[in-house]
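In structure tokens below, several structures.
Okay, so chain A shows up in both of these, paired with chain B first and chain C after.
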Partner chain A sequence: MKTVFADSLIIGGGLAGLRTAIATRTRGLDTIVLSLIPAKRSHSAAAQGGMQGSLAATIKGEGDNENVHFADTVKGSDWGCDQQVARMFANTAPKAVRELATWGVPWTRVRRGPRQVVINAERVTITEKDDNHGLISARDFGGTRKWRTCYTADGTGHTMLYAVDNKAIEFGIAVHERKEAIALIHDGSTCYGAVVRDLITGELIAYVARATTIATGGYGRLYAISTNSVISEGMGTAIALETGVASLGNMEAVQFHPTAIVPVGILTTEGCRGDGGLLKDKDGYRFMPDYEPGKKELASRDVVSRRMTEHMRKGKGVASPYGDHLWLDITLLGKEHIEKNLREVKEICEYFLGIDPVKEYIPVRPTQHYSMGGIRTKPTGESRQLSGLFAAGEVSCWDMHGFNRLGGNSVAETIVAGMIVGEYVADYCERSSVDIPTSVVRAFVMREEAAITEIIGRSGEDPYELKREMQQIMMEKVGIFRMGSDLQEAVDGLRGLLLRSRNITVRNKARHSNPELVEAIRVPKMIKLALTVACGALARTESRGAHAREDYPERNDRDWLNRTLSWWKDEKDDLPVLEYENLDVMSMEMPPGTRGYGKANMIAHPDTEKRVKQIEEIKESMPNADRFEVQRAIMPYDLPEKYQGKNERVGVGFE
Partner chain B sequence: MSGANDGRTLKFHILKYDPQQGGDKPRMVTYEVKEAPGMTIFIALNEIRETQDRALQFDFVCRAGICGSCGMVINGKPDLACRTLTAKFKKPEITLLPLPAFDLIGDLSVNTGSYTRAMSERVRTWIHDEEGKQVDLNELEERMDPDLADEIYELDRCIECGCCISACATKRMRDGFLGAMGFMKVARFAVDSRDKRSDSDWYEVIGNDDGVFGCMSLMGCEDNCPKDLPHQTKIAYLRRKMVGAAR
Partner chain C sequence: MCKTRLDDLDLSNPVVVHPIKTFPLIKDLVTDVSWNFEVNKKIKGFTPAKDSDFVYHQEDADRVQEFRKCIECFLCQTVCQVLRNHDGHDKFYGPRFFVRLAGLEMHPLDTANRLQEIDREAGVFLCNINKCCTTVCPEDIHVTDNAIIPLKERVIDQMLDPILKIFRAIVGK
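Coming up: the complex of A and B.
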């Protein structure tokens, strides 16, 4: 049995994994990163639009700070997030943007003087201050009160990932590529690493570590059409689920992005609308102001996606061989702006649609985009059940996004989580003993070895067929609008697929580099994940954020202000076990309220009024306190000491 | 979504070779695929794998022309397979070969990762700034000229796909030749005011025949770069800079 030892094992070489690795390496720990592919090719590279951090350097960001960013995030989440985590995040995000600046990200900068922008379909001139020249700029994004999304043209994720991976190379961090973690090694209370398959040689290797951090990204490919990369298949989430011990959180919270191109589902960034692009219907009519007079195209994503779907249901979609779609019109932004700031979008339109977005409308429709749910952790990133197991980035549910994530908050989360969780991982490594039972390790490797032998040996089900059926069920029955009856059918259908998947096999019998075998290992895991999504969605009889039940249209804080937890307790089970974790209104900084966009249709929580009053009293009792003191009095939270500092902003200093 | 050639039957001639399979030899295999509107090579290869050859190896990640995973030689030209529409080819014959100059994993899959890591270590593709390491992240960031930021971004757009390396005649003859990908990195960091390396530091990296003096300026790189990086101007610029540094 080949065994590799490390202090800190990181599964995933995207932004979250690499930033966590840098944190633990900086603390002197022996750190190894695993990745399916070269790290710089990770899905993080595809992020176009930007990263939120309240630097407030552009004139349209003036007055922004952690408080505003926090409030936007909580509203965006439809009050489903952990507010302490949102606070940790909002305070660290500006530092994360600035750190990346020193690591080489060429953030687009503020240029002094007047410039033309498009706001609400009109060209207006804004004038940037002399004093702010050369500071990091920001653009507008959905669901935010200020222009807060820092960016490099529309290649933000790419420049971030390159800067962070280069930093990891500078630190000499080993990235073991073309390796797939297929199981976690644990004894029911502590995680000791992972069983890893070498995708070239097929060899199984035990990676044994004091702490294991999963940073494998989202599970978008449970859906047939997704903006996600083809490797975003949720494997990290699945191996945590398969421990039977670690729980997943809010798996039903799946985001649909308003503007992916039809038919292939490649994203055009929210920056298109942030910079002034409009949504239009088959008559060329701009319909969003009718539905959302306030934020229009820039309401949060869940709201815009639903409004688009509603509008298409009214017969206003553009018919195509691939179903109805709507138009994204960025022609009004002008050639110069598009070629400079929306260049990837232009390339995508040219290559995949054969159109020029400077002159033509882009065919778009809402498409699966982001996984809010994932491995449920504490605010430190550690699993609530398995010690030594951590999660960071899109794979985790620590839980910053609740039921809807704001654009630009995800790449920000990956870096911030890497910074924060990385410190807690290092603390854990320093505390934990190196005592790792080899018998446990050996048993896990042998179990996986035997499972692969069985897959290769038997005759049975085709992985591609099972996958296709699963993806189709998710598309048709667990989509933007959900109905109890559809969801029940989805659960039944997926359960059938799960049973069939126990007999999965391959035609190509090679043990080494064998793409079919990779599928055969993954597909049964994906079906389990799909079941946690479908079962969670069926059980949640309310609408919150991206989870929209047509049969239960109201947000029901009285009965559903909670987080769904799911487990796969026994390998032989054919459904997950669901439990719920209540969100405590009495400790919230922002008690549940209306978002200011979307339909306000709610059943209030009995504690809300009480908490609102209590917060008023706290504020009144400290008339001379500054905003930091007030915040601490209302909802104290922890952060590693190095990230507790106040953030400076131009013109206002540290206030 | 050009549907001009709907209904054609495409012939894909693909190099098949599994170096890990004892006795296997490189050979061309032909697969037939019915063309669909908007079909890319990504779509076609997945269809071939699902329906005709479960062992066929290739790499895609983003399938959107962003991540650089899918470089291969398509009808003689190194390019990104995911964003190549089959309709672009007038004749319904498409020959696919793995990118040369990289270790072959199998069929169309090559190991660019080990190459790019070594390249990064050689060029030291990170900001060199001893003082920067002391920066207080709570304070205002250092200012940068907006034009400079844009200029860095232009060079930072390289996706390490390897198309330029595969198209380079010098690289074929000199294994140690840094190649255009590396030159673009040097250009990117040399223009960045945050990187404090001097011309003589750069001379150590590229001031020799494995560096910019080995380049024959035939511009295979620029002609094949899917991200349109300005190879010609930048290589010329680096050469002038290095000639200056040598004096």
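Coming up: the complex of A and C.
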């Protein structure tokens, strides 16, 4: 048995994984990153629009700070997030943007003087202050009160990933490529690493580590059409689920992005609408102001996606051989702006649609985009059940996004989570050692080896067929609008696929370089994840954020202000076990309120009024305190010491 | 090339695809490009001044933002004649890494001096400006005009120009 030892093992070489690796390496720990592909090819590179951080350097960001960013994030989450985590995030995000500047990310800068921008379909002139010349600029994104999204012309995720990966290379961090973690090694209470399959040779290797961090991104590919790259199949989430010990959180919280192109599902950034682009129907009519007169096209993503779907259901969609769609119009932004700040969008349109977005409308439709759910962790990133197991980035549910994520908050989360969780991982490593019999490690490797031998040996189900059926069920029955009857059919259908998947096999019997075998190992895991999504969605009889039940349209804080936890307790089970974790209104900094979209339709939590009053009293009792002292009095939260400091902003200093 | 459209080809004949030629073949269309990753490791990363305030003008950012578009597909490395025909792997970094070097050298806040490396280890003068790299770049980076030629000019200006050398010796810069 080949065994590799490390202090800090990180599964996933995207932004979150690499930043966590840098954190633990900087603390002197032996760090290894596993990646399916060369790290620079990770899905993080696909992020186009930008990274939120309240730097407040542009005139349209004036007055922005952690408080505003925190409030936007909580509102965006439909009060489903962990507010302490949202605070940790909002305070660290500006530091993350600035750290990346010191690593060479060429953020787009503020230019002094007047410039023309498009706001609400009109050209207006804004004037940037002289003092802010050369500071990090920001653009507008949905669901935010200020222009807060920092960017590098376009392709922000790509620029960030290259800078962070080159930094990891400088630190001498080992990235083991073409390696897939297929099981976690644990003893029921502590995680000791992973069983890893070499995708080229087919060999199984035991990676034994003091701490294991999963950073494998989302599970978008459970759906047939997704903006996610083909590797975003949720394998990190699945191996945590398969421990039977670690729980997943809010798996039913799946985001649909309003503007993916039809039919292939590639994303056009929210920056299109942030910079002034409009949504139009088959008559060329701009419909969003009718539904959302306040934020219009820049309402939160879940809201825009639902409004688009509603509008298409009214027969206003544009018919096409690939189903109805709507138009995204960025022609009003002009050639120069599109070629510079929306270049990737232009190229996607040229190569995949054969159109020029400078002159033509882009066909778009809401499409699966982001996984708010994932491995349930503490605010430190550590699993609540399995010590030594951490999660960072999209794969985790530490729970920053609740039931809907704001645009620009995910790339920001990757870096911020890497910074914060990386410190906690290092703390954990410093106080613990690996004390595990090699017989336990061997047993896990032998179990996986035997499972692969069985897959190769038998005759049975085709992995590609099972996957196709699963993706179809998810598309048709667990989409933007959900119905109890559909969801029940989805659960039944997926359960049938799960039973069939126990007899999965491959036609190509090779153990090495065999994509079919990779699929046969992954598909049963994916079906289990799909079941946690569908079961969670069926059980949650309310509508919150991206989870919209047509049979239960109201947000019900009285009964559902909680987080769904799911386990796969026994390998022989056909369905996940669901439990619920209540959100404590009495410790929230922002008690539940309305998001300000459509007409308020909610059932209040009995504690809400009490907490509102309590917070008012706290504020009145400290009339001379600054905003930081007031915040601490209302909702204290923890952060690694090095990130606790205040953030400086032009004109206001550290206020 | 990676962005060739099938409808631009004559489909009455079979379309032939080859693995790239400059790097060793592993299997089918897969080649081992790890030499590139080793070259990348040799380059000194972004080095700002310790007391930098990290403020700069967008005009300065514009230039390096072009180089940031590179996706490391290594098509430029593949078609580069120094690497492909003259097997210059031990004396030439290849176009991709001149793009990275240019991005670092032209970053307004970078303070490291890589000109000696660019001249010697990286072998910038072996490039004879065929522009094959620019032609194939799927990200439309002007590799030759905006990265390689300015780097050559910087090396000449800083290290090789005798008049400037004397001038600098006198003014002490």
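The criterion applied here is as follows: the second predicted complex is superposed on the first by the 653 of 655 C-alpha atoms of A that agree within 3 Å, B and C clash if a C-alpha of one lies under 4 Å from a C-alpha of the other, contacts with A are read in each partner's own complex, and residues count from 1 in each chain.
Convention: a contact is a pair of C-beta atoms (placed from the backbone, for glycine too) under 8 Å apart; a residue touches a chain by one contact, two chains touch by 3 or more.
For clarity, every value in this text was computed on a predicted model and none was experimentally measured.
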Based on the superposed arrangement, let me know which partner A:Arg431 touches: chain B (first), chain C (second), both, or neither?
-> neither
Of chain B and chain C, which one touches more residues of chain A?
-> B
After superposition on the shared chain, which partner residues are touched by A:His43: those of chain B (first), chain C (second), both, or neither?
-> first
With the two structures laid over each other on chain A, which partner does A:Lys314 touch: chain B (first), chain C (second), both, or neither?
-> neither
Pick one for A:Glu170: touches chain B only (first), chain C only (second), both, or neither.
-> both
Overlap of chain B and chain C contacts on chain A, residues 38, 40, 45, 98, 101-104, 106-111, 133-135, 137, 152-153, 155, 158-159, 162, 166-167, 169-170, 351, 513
Could you pull out which chain A residues touch chain B in their complex?
-> 37-38, 40-43, 45-46, 55, 95, 97-99, 101-104, 106-111, 133-137, 152-153, 155, 158-159, 162, 166-167, 169-170, 175, 177-178, 200-201, 229-231, 263-264, 266-267, 321, 340, 344, 347-348, 351-354, 464, 506-508, 510, 512-516, 645-650, 654
Can you check the complex and tell me which residues of chain A touch chain C?
-> 38, 40, 45, 98, 101-104, 106-111, 133-135, 137, 152-153, 155, 158-159, 162-163, 166-167, 169-170, 351, 513
In the complex, the residues of chain B that touch chain A are 1-2, 18, 20-21, 37-38, 40, 49-50, 54-57, 59-69, 83, 85, 105-106, 109, 111-114, 116-117, 120-121, 124-127, 129, 132-133, 135, 137-146, 149-150, 152-153, 156-157, 159-160, 189, 192, 194-195
In the complex, chain C touches chain A at residues 3, 27, 37, 40-41, 45-46, 48, 52, 54-58, 61, 64-65, 68-72, 104, 107, 109-110
